[in-house]
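Structures for review follow.
Both of the next two complexes hold subunit A, though its partner changes from subunit B to subunit C.
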Partner chain A sequence: MKEKKSLLRNGGFQTFTTSIVCIILGMIVGFLALLIIEPSGAWGAIVAVIKNFFSYPSAAFRLQYFGSTLAKTAPLIFCSLSVLFAYKVGLFNIGAAGQYCLGIALALYLAIIVQLPWYICLLAGIAAGAISGALCGILKAFFNVNVVISGIMLNWISLYGTNLLLKPAMDPSGKDTFRLVNKAKQALLPTLGLDKLFNKNQYVTIAIPLAIIAAVVIWIILDKTKLGYELKATGNNLNAAKYCGMKENRNIVLTMVIAGGLAAMGGALYYLSDFEQWNVNASAVPGMGFNGIAAAFLGGLNPIGSIFSSYFITHITVGGGNVDLSRYCAQIADFISSVIIYLCGFVLFFKTFMNKRLDKAEEKKIARARAAAEAENKEGGNA
Partner chain B sequence: MLLLVQYTLVFASVLLLVALGGCISEHSGVINLALEGIMVIGALGGALVMKFLPYTHGESSQFLMFICVLGAAVLFGVIYSTLLAFACINLKADQTIVGTALNMLGTALATVVVKSMNTAISPDDHSSEIKYIDAKKAFLTNVGDFELNWFMIVAVIMLVVAFVLLYKTKFGLRLRACGEHPQAAASVGISVFKMRWAGVLLSGLLGGLGGITYITVGVSTWKFENGVAGFGFLSLAVMIFGAWHPFKIAGAALLFGLFRALGNVYNGFDFLKALNIPSAVYNMLPYIVSLIVLAFTSKKSRAPKAEGIPYDKGMR
Partner chain C sequence: MENYAIEMLNITKRFPGIIANDNITLQLKKGEIHALLGENGAGKSTLMSVLFGLYQPEEGVIKKDGEVVKINDPNDANRLGIGMVHQHFKLVECFSVLDNIILGVEPNTAGFLQKAEAKQKVLALSDKYGLQVDPDALIEDITVGMQQRTEILKMLYRDNEILIFDEPTAVLTPQEIQELMQIMKGLAKEGKSILFISHKLNEIMEVADRCSVLRKGKYIGTVEIANTTKEELSRMMVGRDVEFVVAKDPAQPTDVVLNVEGMTVASKMHHNNAVKNVSLQVRRGEIVCIAGIDGNGQTEFVYGISGLEPLKAGKIEFLGQDITKAPIRKRNVMGMSHIPEDRHKHGLVLDYTLENNLVLQRYFEPEFTSKAGFLRKGNIRKYAEKLIDQYDVRSGQGPITPARAMSGGNQQKAIVAREIDKNPELLIAVQPTRGLDVGAIEYIHKQIVKHRDAGNAVLLVSLELEEVMSLSDRILVMYEGEIVGELDPKTTTVEELGLYMAGAKRQ
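So, the complex of A and B:
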């Protein structure tokens, strides 16, 4: 007999609930921080963060800014996919930030200096990230170097490397690289008419559909293919995988190649859409890779979930720019998202807690049913 | 040349302090990836004191300033590390995720605090910088041409204290037992939770000290948006290279400190200047060196056996 499972027992539902709980708690902490900074405007500020583009009066504007938020979501989806893919194989790809930089570096260099078309820039960017990922994987597989530490080292190396490579592409009037519209039109990503859907927002490009396709592909690879099964087995128990004849070292390197390629693809696509330019004096790795970690965990380590969590994080980050800047600062959104990841660390705890409560409730129910049955038996005996 | 020695020693002090923190925490069984964030928060504590405590030249004022800055950095570091301890020890959370979250939170929190403070003082000021030009002089003493940073002495003291604590006391033996085989430790009546809490709080103390030392090297303003540029992680590399032993860590810290210092002072050497290598390469140097060193030293790692695994009473 198949027992009917309660909805609360469903793993997916539990993940969803814990993510929502994390978001709500994160928001409350953010609100408290705003209250401490300046109580009078705190409510307005948190509403501005949550509303983002909904706070614009005209519908056309709202649509345009919705497009911009989507354009910023796309690279985040790639970064979160990169993190979650590696995590499924037991590797914590904190190097996503550096791989993202390398994607940008190669793509912009080939676009502005060598004047190549967008698809070659994109492929070169992906290759750069994949190579960096491979290095990280090789260090782990053959030299037993902690992935987190080598990832961080590669982040800084990549940052300075990117600055060095893009220095010749700098617009002398500022510290940023040239805008592609002015210097490298051939490298602009095609929009396929998507821009017209969003009130002619030229930053809405094929990057957005590509991100969603990538999420679906990663989901298929992980859940529906032999490769995905092998990779996950390697992550769960390296020795068991080895014993079953899987090539564990190859799997680790391959995972990091894919993860690196994904993060770099995000970076290349974003900068080839010309939305932002690279600051060649950048002294910190862009936060995108780190936010990818947030998005991956908030999305319950599910590729499809990461689409929504990426959107949410971008939404509040962009919304952070809308707070009353004379009293608050935009980083309040970063603050909220880092609180959310901190809380995501407790997911396991939340789940065990929930299951324990359910177990107890069930035990009570069974005990009560048994007591009722016994009472009935007694009555039956008496009659 | 003297300048190179000076910078090497002071960067080595930073790395040594933070790596000792990581070392103690790992010996208790918790991987402290949040050192980067702890450094930022410790630096924030110290910088706030330097900004608001009035300072006049003179020995007593100098000493008071030093003690207060030190105290604030330690206090902030320890308080911040409770977030890690609570999550990783009591709630058995994944130490990598929590550590990463705390690193991001450290920078975000410090930026929010400093920016809102600056904006509150003057509404047009949206920077995330704290200036401490005068106050910094409190703990710098010139010995001839050599500028002695008092934190170098603190680092040396801490090195000795850490060694004695870990290898010459009952507490240290118990702490290390919890990192090697917590179930065995528990079976002879040691409270694993308490020992791990002690390990993490001590690493918060040392991380905070490292943070305040880092922001007094060569600069007198700090932009908190930038965090501490991966120094927390460099320290972990130093710790691994130093095979989790205080004195070996000290040696590793000197080596890494040297490479980091080259980036600051390479202009002072004619032959290095003549090579005309872009500054970005010097900036990369410590990270590249650490990667290479890690590749050669990680294979036969002497990490505490139970590090990174939450303690579960039921597993014996």
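So, the complex of A and C:
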């Protein structure tokens, strides 16, 4: 009995169950929306979303598209790590989207125009995001500018900066940058044979193991090190951090540097895997950075949890592409996945709710135990 | 059958893992001053929250004038004529006294304020009960005593019959305390029933008719003040005998540890300087106390010494070294400890566990951090357990309790434990016993004296006169940012100290 109670109280377990509840609720709401729009195809559509690559008949194809889903998961893991790392230090890094862009910009520019090898492109991309993060951090630490405001501004600056920088790398046959496989083979990420595991899916690269390693490293930094202790203390109580002699301004800047670097690393790795090309006329930052916010919360603000939440979000987003478009408009896939992602934000809400119920149950149990003890005492007194 | 204004009968309120109020009965007679006494965490706040409808008790009933009433929220309490002066006033600083009094019950005709009428009522009330205020003065311009009178008028204006005073004397000068006592007696004579929550036994002995005592959530008893003594009350509250006078030998000061010359610190609140050209020395083996009414520059003075605020002018020497511009960490490592005034703002990271808070000043030492930068969690746990045991820091889950979930008194104990255990050469203690009960105060005072006797310097900043008088070896009175007098606690009186604190006297 006691063990069961402690499991329900366990933070990790709570996050897990509440995340699952959110996912199920999201699917129900998404399904209801589909029913309202066009009842006859609703079931098929929601199944397509959930099944994603499982809907392919051949095992080889299933494996290949599983690989693609993983390849798209990697950048989301980085973005959610970026968001959650900053969040643990009390900063809301909505600028992850812009930092992600800058990572792409530098990586592709150096790959296609300067023809540098992948690792230099990657490092330069990370540096670009880190500098952008640092800018937010400095504005916050020394001028007390809200990171949300500066982050949103920098998102736009980064977007148009990226368009500008990558214009010379545009393939004249379209609006996108050149495919690396055609113009910059030296910059393609190594696959270390991972592609062969997924039916020769060349997009399965070292980005995936790197994302998992990054999550573990972030978890260790936050949970096990002096640096994490300092950063979290700064985030939770700036005055206390100052009082005990931490360099609180340095900590804020450092946090944003790391957060910016993470988001940019995600962008650089994804585009260096050649899965997507940058549209130089893009008028909005990619949703990846914003989805990182959802992934971070769905994962219970835990780096390891964000691996799974990122996978799930990618899974339904990719699955959304399989919805029957003769019945529904093209935006329906995004709509369903965004409904689910939206409900994922309720993790904290459900957690609070769950704790309240547990408190009540516990109170009742104590009351019963007390009543029983009193009854026993009375009996003892009589005897 | 006694005539009770309000009765709380057999109230039981439980929280997970703790019974905050266990079968508590509190009966307030019409026209009496009834003191409510109890240690930190004894359940006084919970009981008041039940009375105001913020919590619903599991068991027990509340009766008003003999009839059972149900209080679901503070509005119900207000309708029943229950009012409270909180320890920290709830006033709008930039509003006038009158505006604050009518706030929420503004007299109006079709939405237009009718202030003239309200002013008449306020003036009549202030006349009747001897509560001098200027209705048109702004709150930010008047003294703390007047602000408190505004709070009392707020209750009277709402025709409250049951007046609750939550630790009302904490922020007042001795003279103001005397005035408040007179006001309370006058209110009782006019038929108001007063519940007086306090730690201070002297005040209870002086003003109350009866006193109910709580201990660890349980009701201990109610006594007639006329038939009891201070010692008996404290025994009821703590469960054992308490020494009121701090036993200590005369100070034997030796070398200078802290030397401050011409310190000036700017104020964040106004353009004037908060600390003006202050010079002082603190030596080994003495407890120097900065006394003064809250807001006379003590806070900024301590910020200047601890490094939280830069100096505008002046010099600080610590252990013979100039630390005027030294970073905070350097000062801490050199041997300066600081029990901060505001435990939530500076003293604790509330979302951290107790153990992580206990190493807040030492986490970077080799004992707690390996060379590679990893925390040694095992050592942190061991150290935390040692301090918790030694300083009797009570909490729900021991070292892993979130600091936020601890009672104020135990949070304070945790900070005191952390700062004294560092064994600093200079201990700066700002209001070290704020919000603590007599048992804990006794313990902390002993620790401070022991620290002095071990050959260290102590700089005490306190608003509690009893603490100032009993603990310090030398008193420096601060008034409007200046040291206006140096007094010897053995030869001075509380009244004289009060005159210096109020700015009526200076050397």
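Note that in this section the second predicted complex is superposed on the first by the 345 of 383 C-alpha atoms of A that agree within 3 Å, B and C clash if a C-alpha of one lies under 4 Å from a C-alpha of the other, contacts with A are read in each partner's own complex, and residues count from 1 in each chain.
In this section, a residue touches a chain if its C-beta (ideal position, glycine included) is under 8 Å from a C-beta of that chain, and two chains touch if they have at least 3 such contacts.
Fair warning: this is a prediction, and the values are worked out from it, not measured in the lab.
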Touching partner for A:Cys244 - first (subunit B), second (subunit C), both, neither: second
Comparison of subunit B and subunit C by subunit A residues contacted: B
Subunit B versus subunit C as contact partner of A:Ser173, first or second or both or neither: neither
Contacts of A:Phe349 with subunit B and subunit C, given as first, second, both or neither: first
Partner chain(s) touched by A:Phe143 [first = subunit B, second = subunit C, both, neither]: first
Contacts of A:Ser58 with subunit B and subunit C, given as first, second, both or neither: neither
First, second, both or neither for A:Ser40, with subunit B first and subunit C second: neither
Which of subunit B and subunit C A:Lys226 touches, first, second, both or neither: second
First, second, both or neither for A:Asn236, with subunit B first and subunit C second: second
Set of subunit A residues, in rising order, touched by both subunit B and subunit C: none
Interfacial residue positions of subunit C with respect to subunit A in the complex: 14-17, 19, 58, 306, 308, 327-333, 338, 340, 345-352, 356, 360-361, 363-364, 369, 373-375, 377
Complex contact set, residues of subunit A against subunit B: 33, 37-38, 92, 94, 139, 143-146, 148-150, 152-157, 160-161, 163-164, 283-284, 290, 293-294, 297, 325-329, 331-332, 334-335, 337-339, 341-342, 344-346, 348-349
Contact footprint of subunit C on subunit A as seen in their complex: 224-227, 229-230, 232-233, 236-237, 239-247, 359, 362-363, 366-367
Subunit B - residues contacting subunit A, complex: 33, 83, 87, 91-94, 96-98, 100-102, 104-105, 107-109, 111-112, 115-116, 119-120, 123, 126, 128, 225-227, 229-230, 233-234, 236-237, 240, 278, 280-281, 283-284, 287-288, 290-291, 294-296, 298-299, 301
